[in-house]
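Below are two complexes that have chain A in common, paired first with chain B and then with chain C.
Up next, the complex of A and B:
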C-alpha cells in the first residue's frame, strides 16, 4: 500500500471527493474568518455585553418570517452623520435629520433605542430632540435631552460622548413615559399613568387606541423619525446619530439571550474547530508513530517500557481526567489541545510497533541491513514510507474525536472563554434554559456544524477505508 | 491455567491505570497548591466546630485561643500540612482512595450529609443504572442487527448501516440529548425533559419504577442512538471477515446447514473480537454518560461534575468523582476481560 493509493481513493471516489470539497470549503471560509475578524474577538466582542446592547434578545433568524406567517418586525438599525438641513432660529442653529421607518402590518418593533456619538460644543451644550411623525400626521415628541454642560474648571471647546456614546433606551426611558402621557391626553383625551404606559410604550408609539377596549391597534405605514439638535456656535454639533428598532427576528442566524449575533459566533467557531482537530491529530499521530517505530525497531527494554506505557495510557478513561486537569490548570485552549494530544497517541504506537516487527523480519530489510545500512537509514528509507499511509489515515481518524472532545468539555463549562467555540454557544443555550423554551436557532446550528466538520473527516476516512486496514478504526472517542 | 497468566497481565495493566490516574491526580493537586488549600480548609472547618464546643467549657478568651492554636498545630501535623506536599504523597494517595476529602462546599447528599464520600457514593448507583441499561441495549441490538446485516453484504440495508455508523460517530451524544429534549419534551410534550422522578414521586414500587423508566427513556435513547450504529458495523465487519475464511467454506463444503455454519463456526470465532468491541466502546459510553447525565439532570456522578463546576467550584468533589470514575472503569474492564477469557478458551493474549 502506498500513499498514492490513498490519494487516488480520495480523488477518484465520490465519497472521497465530497469529503475533500467540503474540507476545502471549510478551510477557505476559515481563512476568511481569521483574516476578517479582530484578533481579540472573544474578549472584546463576543463576551462583551455592551457590544450587543442594540440587538434584540433571543430573536429567531430573519428568514423565519418567510417560513411562518406570524407578523414579526425585522431588526432595523441606521446611522446618520451630516444633518440634512440646518436653519437659523433666533440665536440657535437647528440641525435636522429625517429618518424614514416602515412598519408592516401587525409588526410593531420590540424596542427603540437612540445613540448619539461625538458631541462637540464651544460654550453652550446642545439640546437634542427626537420626534416621531406617524402615518396619520400625528406627532409624538419622544425625547428631549440636554447634553451635560461645562464642568467646573473645564476649558472649552468641550467634547462629550466620544468614548462612551450617549445611549437612550427610549422604550424604557422615564422622560419618554411622560411625553407619551402628554401625547395621549392631548391627542386622544386618554388619561393613563406612567405604570400603565410602561409595558406598552411600543404599542402606543406605533399604534392607535382601540375604540372597544383599552388596547392599542398597530398602525402600519410610513413613519419618520425627526431628530434635531439645537446649537449656538457654527462648529458645535454631533458626530453621528443612530436609531435602532429592535425586531422579533434578526440576521441570518438569530441572537442569543444577551443579543449576540449567533452568525458571527458560529462562523468564528469554524477555524477553531479545524485547528483543534488538525493539530491534535497531527501531533498525537506523530508521537504515536515515532514511539511505535522506536518500540518495534529498538526492542528490549525500550520496547517493554513504551508498550506498557501505551497500554496504560490507552486504557485511561479520558473525559473524567480531562475535566479534572482543566479544572485545576484553568480553561485554556492550548491546555485542552495539549491534554488531548497526551491521551490520543497510544493506539497508533501499539499498531505501528506490530507493523515494524513484521517488516523487520522481511527479506528486504534483512538484505539492506546486511549490506551495512545504519539503523537510522533503515528506519527512514525503508520502514517509514511503508507506515506513511497508516499515519495519514490515523490523522483523519483522530481529528473528529478531538473536535468532539473539545465540544464536550466546552459544554461542561470548561471552554476557553477568550475563544468562543460551538460547544460554548451550546453551553450558554443549555445553562440559560434556552432549550426548555424552544430557542431552536440557538441549539440546532452549533451542533449541526460540529457534526458537519466531524463528518467531513469521517467521509474522508470512509473513502480511504478500503485501502487501509479497517482495524485502524478502533480509535477511542471521548466526547 | 494457561489463561490465568494473560489475565493476570491484564489485571496488572488495569491496576497500573488505576495508580497512574491516582498519581496524576495527586501530583496535579500538589504541584498547583490545590492540595494545601483543600487541607487548610478541612483544618479550618474542624477548628470552627471545636471552637463552638470548647467555648462552652473554657470561659477565658485567651485560654480558649491558646487551646485552639495548639489544636490547630496538632491537626496540621496530623494532615501533614507542616511538611512539603512531596513527602505527603503517600498519605494523599491514601486519602483520595478513601474518598476522605472533607466536606462539600454547598452540595449535599439526598439524605442531607455534606461528606463528599456520602454524596458520591449515593450517586454511584444512578450512574451505573444508566450506563448498564444503555450498554445492554446497544450490545443486544448491535449484535442482532450486525449479524443480520452480515448475511446481506452490499444490500441497501448494509450500506445504510455503514453510512449510519460513520455519521453517528461524528455526532456528540449530548447534542442528540438536547435535540431530543427540544423535540420530544418541549415541542411534543411527550416525555419529561430531565430529572429521575416526577415531583412528588409516585408511591408504590411499580408506579415508582414506571416513573423512573419514563424519565430514563430519553437519556438511554440518546446513548443508544449514537453507539448502536458503530457497534452494529463492527459486528458486521468481524463476521463478514470470518465468513470469508477457508474453514467456513470447508464447513459449507461438508454440507452443513447454513444455521449450523453460522452458529458453530462463524460465531464461535467471532465472539471474542465482538466482546473486544464492546470493551472498547466502554470508555465512550462512560464519557457519554457523564455528559448525558448533565443534559438530563440525571442525579448520577456525571451530573455531579456539572454541579461541582458551576458557581463556586468544589475541588474535593471533583477529585473524588475523577477517582470514582476511574475505579468504576477499571472494575468493569476487569469484569469484561475475565468474561473474554472464559468466552473462548482457545484465545490467549500471547501473540
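Up next, the complex of A and C:
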C-alpha cells in the first residue's frame, strides 16, 4: 500500500519529520490564536484606527534597542484604578496617584497622552490635574482640567466619560503650552512664546535648557507623574487613569503607520493562512481527482466535456479574472477561497485521467469488471485506493500555492478587510511607501512568515517525493 | 504536418468564441455601467445632470440596447475593424492603450519564459545526471525555496536592496533623466538595466517547477533500456545524453509553454505593480477598479487568446520535435 509508504516517508526521514514538527507547531499556535482572539478581531480591533490611537506610529520593535546603539524610548503605557492616597483639604477630597516613569539616556518619548475614564460626581464636577516631578525635584504642572459640570435639566449623580473616555494629547494641548511657558519663566527665567514651545513640548518636559544656546538637553532619571483629582463628595471619583508615553520602539514586532501592533496582526495571520492552504488544497484536489477519475474511467461524452472544461479553465489567466470576480462580488475570504478552488483543479484532473486510462486496461480492473462489479464500485474500491498517494501528495503540494495566491490578491488590495492576513500587512507597507523609507519590520516579518508556512508544506512534499512519481505530480499535460 | 496544424487551429475556434463570451460577460457583470457611475460621480461633486443629458449619454454608449446586441456590436468591431472599443477612464481607444502596453507585456513575458528555460534546463539535466549529489541537493533546496517566495515580496526586497546598495532605483522602464529624451543608445541601455530585475524575478517564478519536471523526466528516461544498450555499445556519454534522453525529456517542458504563460501573466501583474512597469497588469487592475469595462474585458480577452495561442504553438513545436506525436495524430484521424 502506497499510503503507508507516504506515512513512513513523513515519519522516518529528517526532512519529513522537520516538516511535520513545524506544521504541528503552527497548528498549536493557530488554535491558541483562534481561542484567545476576539471573534470580530478584524473589524473591531485591527481595522479600527481608534483602537490604536495611543500607539506610536511606524515604530520598530523594542528589541531593536539591544541591536543598534541609538537611544530610543520604549513605548510605555500604564493604567491605574484606585488612588494611592486620599486626603481632606478644606472642603475637597484630594485623591493622588504616583506613577513612576524612567527616562533612559537620550531617550525622550515622542508624545504624552492622558486618558481618564468613568468620572462620577454628585454635585460639583471634579478637577483633574497632572504634575510631573522631575529627577532634579522641579515640578511641572502639565495639565489642569475641569470635568464638564451638570447640564440644564440633568439630575445627579452625574456620569461623564463612560462611553467616550477623556483623552488629552498632552504634547499638543494648549493648556500644557501655557503651563510650560509659566514653568520656564519661573524656573529658568526663559521667555518663550507658545509657538516656540509647541514643537518642543517633550524636549522641555524631559530636559533642561542648554546654557550655550536655546536648545534643551534631555535629562535622564526617575520621573514621577502625580495625578490628582479634587472632589467634593465621598463617592465622587474616576474609574481609571491611563498614561501613555509614546516611544520610538514598540513591543515585539513594532507598529505600522497607524500604530497597529504588528505582533497581533502577524499572529492572527497564521490560522488564516493555514485554513486557506488546507481548505483550498483539500477541495480543489478532491474535485480534480473525482473529475479525473470520471473522465478517465467513464470516457465518452463525460470525458470530452470534462477535458474541454479543464482546457478552458487551465487556459484562463487566473489572476486577472480573480481581480474581476472579487471586485464584482466584493472582497470576502470565502469568495477568495471559492475562486482559488475553482481554478486549481484542472491540472490534477488531466493527470488523474491519464493514470486511470492506464489502470482501466489493467488485468485487475478487467477481472473485477468481469465479476460484475458496478462502475461506482470499481471506481471507489479499486481505482481510488491506487490514486490515493497522488491525492495526498497533491494536497500537500497545492497548499503553499493557495497561500501564495491569497497573499498576492491581498497585496493587490483585494483582501478581506475583516480578516487581516500577511498579504494585507505587506500591501499596507507597500502602499504607504514603507519599503523605501526602510520600515523593514513592516515588510520582512509577514514576508518571512509566508515563506515559512509555504516551505513547511514544501518540506512535506519533498519528503514524500521519492514515494510519489514526481512526473505525475508536476506535468499538467502528459500527452 | 500542415494537416495537423490546420486541425489544431480549427479546434481552437469554439474555445475562442467561448473566451469572447466570458470576456463580454465580465464587461456586463458589474452592477451599474460606466454612465451611471459617471453620473453619480458628477452628482457627488455637485453637478446635477438633467434627465435628457443622462439619456443622451446612455444612448451614445449604447447601454439602452439588450446585452446580445451589444455583444455582437463589440465583436463586429473587433473582427471587422479591429476596434476593441473606447476606454472611458482614459478618453482613448482601447487599441491605442493596448498598443502602448501590450508590446512591453509580451516582451517581458516571453523573455521571462526564456530566462526560466535557460536556468531550468541545464540545472535539471545536471540534477538528473548527478542525482543526490551535493549540488543536486542545493539546486533542489533553492528550487523549493523559489516556489515558496511570493514574487511581489522578492521584487520589493530586491528593489529596495539594489537601491540601497547602488543608488540605482530599478523602478519604471526609464530613469528620470531619460524620461522625455528621444530614443538613443544610452536610453536603450538604461531600459535594459531596468528590465533585468523584473525578468529575473518573473522568470525565476516558474523555474523551480520547471527544474523538477526536467529532472524527473530525465531520470525516467535514463533508466530506460535503450540508454543501457547505448552505453553497453560504448557510445560517448555526452553524445548519448544529448542525442536521446535530453530530447525526450524536453517534450513535457515544451508543452509547459501553454500553461506557464498564464502563470507568467499573473505573476507579471504583481511584479509590474511593485516595480512600476507600464504593462497590461496594472492597467487592468485600474480599469476594473474604475469600471472601465471595455478596456478590462479586452485585456482579459487578449491575454486569454494569447494563452490559447501559446498552447497551440507548444503543441505544434512538440509535433515538430517529436515525430511520434505527428504519427499518432495522423493515426487518430
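We adopt the following convention: the second predicted complex is superposed on the first by the 471 of 479 C-alpha atoms of A that agree within 3 Å, B and C clash if a C-alpha of one lies under 4 Å from a C-alpha of the other, contacts with A are read in each partner's own complex, and residues count from 1 in each chain.
The rule is simple: contacts are C-beta pairs under 8 Å (C-beta built on N, C-alpha and C of every residue); 3 or more make two chains touch, one makes a residue touch a chain.
Not measured: the values here are computed from a predicted model.
With chain A as the common reference, the superposed partners chain B and chain C clash. When both complexes are overlaid on chain A, the residue A:426 reaches chain B and chain C alike.
In the superposed pair of complexes, A:41 makes contact with neither chain B nor chain C.
When both complexes are overlaid on chain A, the residue A:268 reaches neither chain B nor chain C. Of the two partner chains, neither chain B nor chain C is touched by A:441.
Shared contact residues of chain A, touching chain B in one structure and chain C in the other: 308, 311-312, 315-321, 323-324, 327-328, 400, 404, 407-408, 411-412, 426, 430, 435-436, 438, 443-444, 447, 450-451, 454-455, 458, 462, 470, 474, 476-479. Contact residues of chain A toward chain C in the complex are 308, 311-312, 314-321, 323-324, 327-328, 347, 400-401, 404, 407-408, 411-412, 423, 426, 430, 435-436, 438, 443-444, 447, 450-451, 454-455, 458, 462, 469-471, 474-479. Chain B contributes residues 13-14, 16-17, 20-21, 24-25, 28-29, 32, 34, 162, 166-167, 169-175, 178-179, 181-182, 185-187, 193, 237, 277, 280, 283-284, 286-288, 290-291, 294-295, 305-306, 309-310, 313, 315, 318-319, 321-322, 325-326, 329, 333 to its touches with chain A in the complex.
Residues 308, 311-313, 315-321, 323-325, 327-329, 400, 404, 407-408, 411-414, 426, 430-431, 435-438, 440, 443-444, 447, 450-451, 454-455, 457-459, 461-462, 470, 474, 476-479 of chain A touch chain B in their complex.
Interface residues of chain C facing chain A in the complex, by the touch rule stated above, are 15, 18-19, 22, 26, 29-31, 140, 144-145, 147-153, 156-157, 159-160, 163, 209, 212-213, 215-217, 220, 252, 255-256, 258-259, 262, 265-267, 269-270, 273-274, 281, 284-285, 288-289, 296, 299-300, 303-304, 307-308, 311, 325.
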